[in-house]
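First subunit A sits with subunit B, and in the next complex the same chain sits with subunit C.
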Partner chain A sequence: MTRFFSTNTSIFIFAFPALFIFTAFVVYPLFPELVISFQKHNGFSSQGFVGFENYNEIFSSKSFWKANTNTFIIVLLSTAVGLPISLLLAFLLDSQTNGTRRYFKAAGMLPAILSVTVIAQMWMAIYEPQWGLLNSLLRAIGLESLTQQWLTDRGIVIFSVAVAFLWQYIGLNTLLFYTGLKSIPKTYYEAALMDGAGPVKSALMITIPLLQEVIKFVLVISILGSMGMFAHVEVMTGGGPGYFSRTIVYELYYKAFMSSEFGVGSAVAVIYVLQCILITLVLNRFVAREKIEF
Partner chain B sequence: MRKNWKTGTAFMMTLLLVTACGNSGNTPASEQTNTSPGKEKEVVSQEPVKLKLLTISSDQARQTIMKDYIKANLANELPGFEIEYEETSDVGAKMKVYNASGELPDVFWSGADYATAIINAGNQLNLEQSITDNGFINKFAVKEALKYKDGIYALSSGADAYFTPKIFYHKDIFQANNIEIPTTYDELVQASEKLLAAGIQPISAPGKGGWAPAFFMIQNMIQIEDPAVAQQLTENKIDFTHPVVKNGLDRVVRLAEMGAFGQGAANVDYGPAKEAFTQNKAAMYMMFSWELADLEANVPDIGFFDWPSAGEKYTPGSAIQFWGSPLAGYAVSAKSKNVEAAVKLAQYLAEQDAKYFTDTGSLVTLDVGAASTPAPLMQANIDAYNQANIKIPSLTVMMDPKTSTEYSNFGSLLMTGDYTSDDFINDFNDLWLANTYFE
Partner chain C sequence: MRNRALRIAIRILLIIIGIFFIFPLYWMLNMSFKSKEEFYVTPFALPKQWITDNYTNAFHSYNFLVYFKNSLIYTAGTLVLILFLGSMLAYCLSRMEWRFSKYALSYISLGLVIPVNVVMIPLFIMIIDLNIQNTYIGLIIPLFAFGLSACVLMLYAFFRSLPKELEEAACIDGCNVYQSYFRIILPIIKPAIATQCVLIFMNVWNEFPLSYILVTKEAYRPLTVGLANFFMEIGVTDWGLIGAAMILSSLPTMIVYASASEQIENALTAGAILK
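Take a look at the complex of A and B:
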């Protein structure tokens, strides 16, 4: 019996249901999506094959490039700002007492498990220009000149939405890093200490190299999660003002379900899938190529 | 033995998966039984008519109609009908999903922005023959308003045709700030300036998704200078480069730039915009008259005035925009397995709508018996409607889905105050010229 559970057959049997669902609902729809991307389709019926017309329309569309830029901004913020903050917070968490650590672990997880609608509505209230928390605080401390229309100013709306998105998941990333930190044996730090290494050198030479698998995992889920951001945009701004806070997934939804241009929406979806595949290949190629064991 | 065990395990797991997905738990009507204590089970011989309804639940009125009229009266008026209800604010998106799966609801709410696609796909039934044969068509005061091209594709109460955009206002706020009802656009701007100086938001209107600009604000800002230009636009005779149209866009921009709509207006949703007015945070509220019954009941100092004039060709109240489209209402799926029953249901639903609007004092074109006496403000609204010489349909229903969506999209930018009329024309006019609604 024990030998059966360690065979490839048993692995296949137990993975089969999830594989079947994944294939049926994720992989299979890519094929009709590709076909529809070459058609003029209103969501109800196809009006015929149009070749690359949908792709030409997308690539000449201001809203598509804005959506792509916005998605890139969110990915950049998520990785260049969100991940270092999460790692720092993980270090801080590690240095706390048990009680404090337990409290912040729970507090960090809470936003990640709350509904996106709840988080988005909360941040909408914070950003409300007249009576919202942020502008009210700025006025109270004499910084009225810094008050903004956080969700209607075309220049900053995407950053406002990105902050809400990052805030929701920074705690989760912190806990993932913390888990990785706890798996590193203390003996390495003791040996480094005896050799005269300070905390910064220990972090750079021991912690980060040994955390690379965790970093890679968090990087992948952060990037792909950021690429797929939709709900925050839909609730907070509806992609507006105009198209200035759309992400690529929102653009896909807008074209398919609001403009009734399923062909164009499918073409956006195909481009999105290709971008995700490219990013995953790049990450696999350049990040954590050699597993460090201890 | 081990091989058989492995095969058996794989078979059991596949079987579990298939049965978990397949079992709906519903008992077919033919096998339903009634059971009373002490009595043997008896098979019910009469099968109820089962129909699926997908309808709109966009606001309080719609929710009241569903709860207090449709569901409440169904057993009496359509005995033997068993309805599976589904309510949503985005019927168009749901219909696309149902269409893709081939399982259209028997009856659904038809909207002007997506009905043409369903009709062209042959999935929305032409009701003209059915309602002529059963005499239902004779209940409509204005039969022509039902027609879309070659037939009748939706049944409605006709209340839509009487909904017009209004400027509601707080009489108390106006009085406290010595503001007279504006009769010109410039007076409206001056009133807004006065209110801003007093720390009061002058106007509330839902800007999120460009709702107010697209649904009525742009059109009315054009009409108040020259109603004929607005009419020409709805007939696809001119485009947005027309100087009067540009002036109309400039009027929206001017109000937005001065902050008349409040901060962050481009992101204010329908509900919060209404709340800003009902909670006395805004002095005026630009909205359709479908809110009038609720506002009159709940806002003690409510009043309304006609859109102020911006030119000699319009005097306040002489021209009005009306809502409504022959494609808005209850439609029947051409693929329904019980078309006759579905048509009966659609007729019933239209009548329930009409009863609600009649009970709240609104006018309807579908006759459902004696009307109640309208409340004073509602009567004033009816009088204003009857006095208007020119009635212009809504521009936004004269657009295909893409054009309509982009019209709302760029309309939302007008509310930001940093997007000009020239920007709007540059961005939208080509899309208007590519509008396929009139084809």
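Take a look at the complex of A and C:
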């Protein structure tokens, strides 16, 4: 049967359009990008090859390293803080009634469906030093000493931006984990209970190993998503103060589109994609290697 | 006894966290109905005077309808392309005999590893060279290209779960491959297509980086970029106005969300299970 359908023409018609566009717009651009990273380019025409000069420039620039550190901080926060919180919330959700569950699911999904711009602006208003939600709240409960210049203080700004990003996705991650949780058959827990396992032990020994695939999925999209953070920075702080809240993608954007140094921007992009590939490889190698079945 | 108290405590915790998610939106709603003066005085309370000035001003200075129309065009265009061509590719990979199926599958998975932001620069140059910057096609095609991977992979998994008898039955009835695909197979995977619709809609409607870079003319801006630019023009002085613009921009998504929240939830979490 499949032989009857799988004529060369039909395969071509079914597969070619998508593959062509995909290659042309996703895969192919990587090559000019590599080339441009070795040139001096102003966005319209190349001004000749400059070897590794662009790379040297980035590696010795403070803004690049700050951007890298910031990106690292954000990835760390969203995986080491955000994911455990989401996982915990998913566990808690499991023990609740339908009503509470529905309420929390609805509330948790809300931030994830709003557009980035809306969220960024919303948090700018929250962080406003004079009348913003956060500082007003702190003053109202007598903790005036804790009020800060959330978006203009060099030390805090990246954390403020990270919180906005986390806020958007914690609910969604909780939902993802919860869906994974639900698919684990109850019989495992019953058996464990009969063997005398408490809730914590059964969580550790049954749930988490069986959740491996889901955890890996969430881990990957979390890490890649936080590495690519750009919109929040652009709208909330413009990379500021100075360059203290830049992320690696913002640095890429800044060098190319604001300094018109496309060559340098491309070099940043090359480094960024290498990081992404490295992370994906590492994750694939070390997380959820074997399929666990009981 | 103890169990019950614990459960209630957790419930309270969850309710508080839920408020944490909802409150900012409520606050913005509040803000958009207050006058400037009242806002600076009592940022929290409900407005004593419900002012609609902000909204009327917003309609005048904020090109909501234009942006909305554009977002609609981009989203619909990308959606149709991805579903049409992506499903065909997924079908080919899963059901047709082709030497390169496995390679093509891994190849498409590349799209998940390469984030959009990486190729922003060469894409920008390409689009300009092809003379399609600031056109609808100019944004739809890249969005389509980047949305392909997730869709193809999910539909591929779905196609594989269909029984082979379907094609055999169609074949016996005398269909060629195109008829069997469009008339028989596609309608069967409607739930997967519906899921994809939701996902693609969310991704494209709220997309920012590509739209920001590839569309510079006001007339072609989608909602996300339009709002960002509006904000940068107005500055941080008139938050009531900005609040109104934000609420307006979020209305479409909120309406979709309110009417289809269960489908949305299923769509968003489908990726986790199908793995």
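We take it that the second predicted complex is superposed on the first by the 271 of 294 C-alpha atoms of A that agree within 3 Å, B and C clash if a C-alpha of one lies under 4 Å from a C-alpha of the other, contacts with A are read in each partner's own complex, and residues count from 1 in each chain.
To be clear about the criterion, a residue touches a chain if its C-beta (ideal position, glycine included) is under 8 Å from a C-beta of that chain, and two chains touch if they have at least 3 such contacts.
These numbers come from a predicted model, not from an experiment.
*Asks:* With the two structures overlaid on subunit A, would subunit B and subunit C clash, or do they fit side by side?
*Replies:* Clash.
*Asks:* Of the two partner chains, subunit B (first) and subunit C (second), which one does A:242 touch, if any: first, second, both, or neither?
*Replies:* first
*Asks:* Once the shared chain is lined up, is A:257 touching subunit B (first), subunit C (second), both, or neither of them?
*Replies:* A:257 contacts both subunit B and subunit C.
*Asks:* Look at A:129 in the shared chain and tell me whether it touches subunit B only, subunit C only, both, or neither; answer first, second, both or neither.
*Replies:* first
*Asks:* Which partner does A:17 contact after superposing on A: first (subunit B), second (subunit C), both, neither?
*Replies:* both
*Asks:* Of the two partner chains, subunit B (first) and subunit C (second), which one does A:149 touch, if any: first, second, both, or neither?
*Replies:* The first partner, subunit B, only.
*Asks:* Check the residue A:59 against both partner chains and state whether it touches subunit B (first), subunit C (second), both, or neither.
*Replies:* Touch status of A:59: no partner.
*Asks:* Taking the superposition on A as described, I'd like to know which of subunit B and subunit C A:49 touches: first, second, both or neither.
*Replies:* A:49: touches no partner chain.
*Asks:* Residues of subunit A touched by subunit B versus by subunit C: which partner has the larger set?
*Replies:* Higher number of touched subunit A residues: C.
*Asks:* With subunit C in view, single out which of the stretches 42-50, 60-68 or 96-104 of subunit B clashes with it after superposition.
*Replies:* Superposition on chain A puts subunit C right on top of 96-104.
*Asks:* I'd like to check the shared interface: which positions of subunit A are touched by both subunit B and subunit C across the two complexes?
*Replies:* Common to the two interfaces on subunit A: residues 4, 10, 13, 17, 43-44, 124, 128, 130, 257, 262.
*Asks:* Which residues of subunit C touch subunit A once you look at their complex with the stated criterion?
*Replies:* Counting only subunit C, the residues touching subunit A are 7, 10-11, 13-15, 17-25, 27-28, 31, 39-40, 43-44, 85-86, 88-89, 91-93, 95-98, 104, 107-108, 110-111, 113-126, 128, 141-142, 144-146, 148-149, 152, 164, 167-168, 171, 177-178, 180-181, 202, 205-206, 208-209, 212-213, 223-225, 227-228, 231, 236, 239, 242-243, 246, 249-250, 253, 257, 261, 264-265, 268-269, 271-273, 275.
*Asks:* Considering only the defined contacts, which subunit A positions touch subunit C in the complex?
*Replies:* Residues 1-7, 10-11, 13-15, 17-19, 21-22, 24-27, 29-30, 32-33, 36, 43-44, 89, 92-93, 95-97, 100, 103-118, 120-126, 128, 130-133, 136, 140, 167, 171-172, 175-176, 179-180, 183, 213-214, 216-218, 224, 227-228, 230-231, 234-235, 249, 252-253, 256-257, 262, 265-266, 269, 272-273, 276-277, 280.
*Asks:* For the complex, give me every residue of subunit B touching subunit A.
*Replies:* So the residues of subunit B in touch with subunit A come to 2, 6, 9-10, 13-14, 17, 90, 92-93, 95-96, 99-100, 113-114, 117-118, 120-121, 123, 208-210, 262-267, 400-402, 405-406, 409-410, 412-413, 415-416, 418-419.
*Asks:* Give the list of subunit A residues in touch with subunit B in this complex.
*Replies:* Those residues of subunit A that touch subunit B are 4, 9-10, 13, 16-17, 20, 42-45, 124, 128-130, 149-154, 236-238, 240-243, 254, 257-262.
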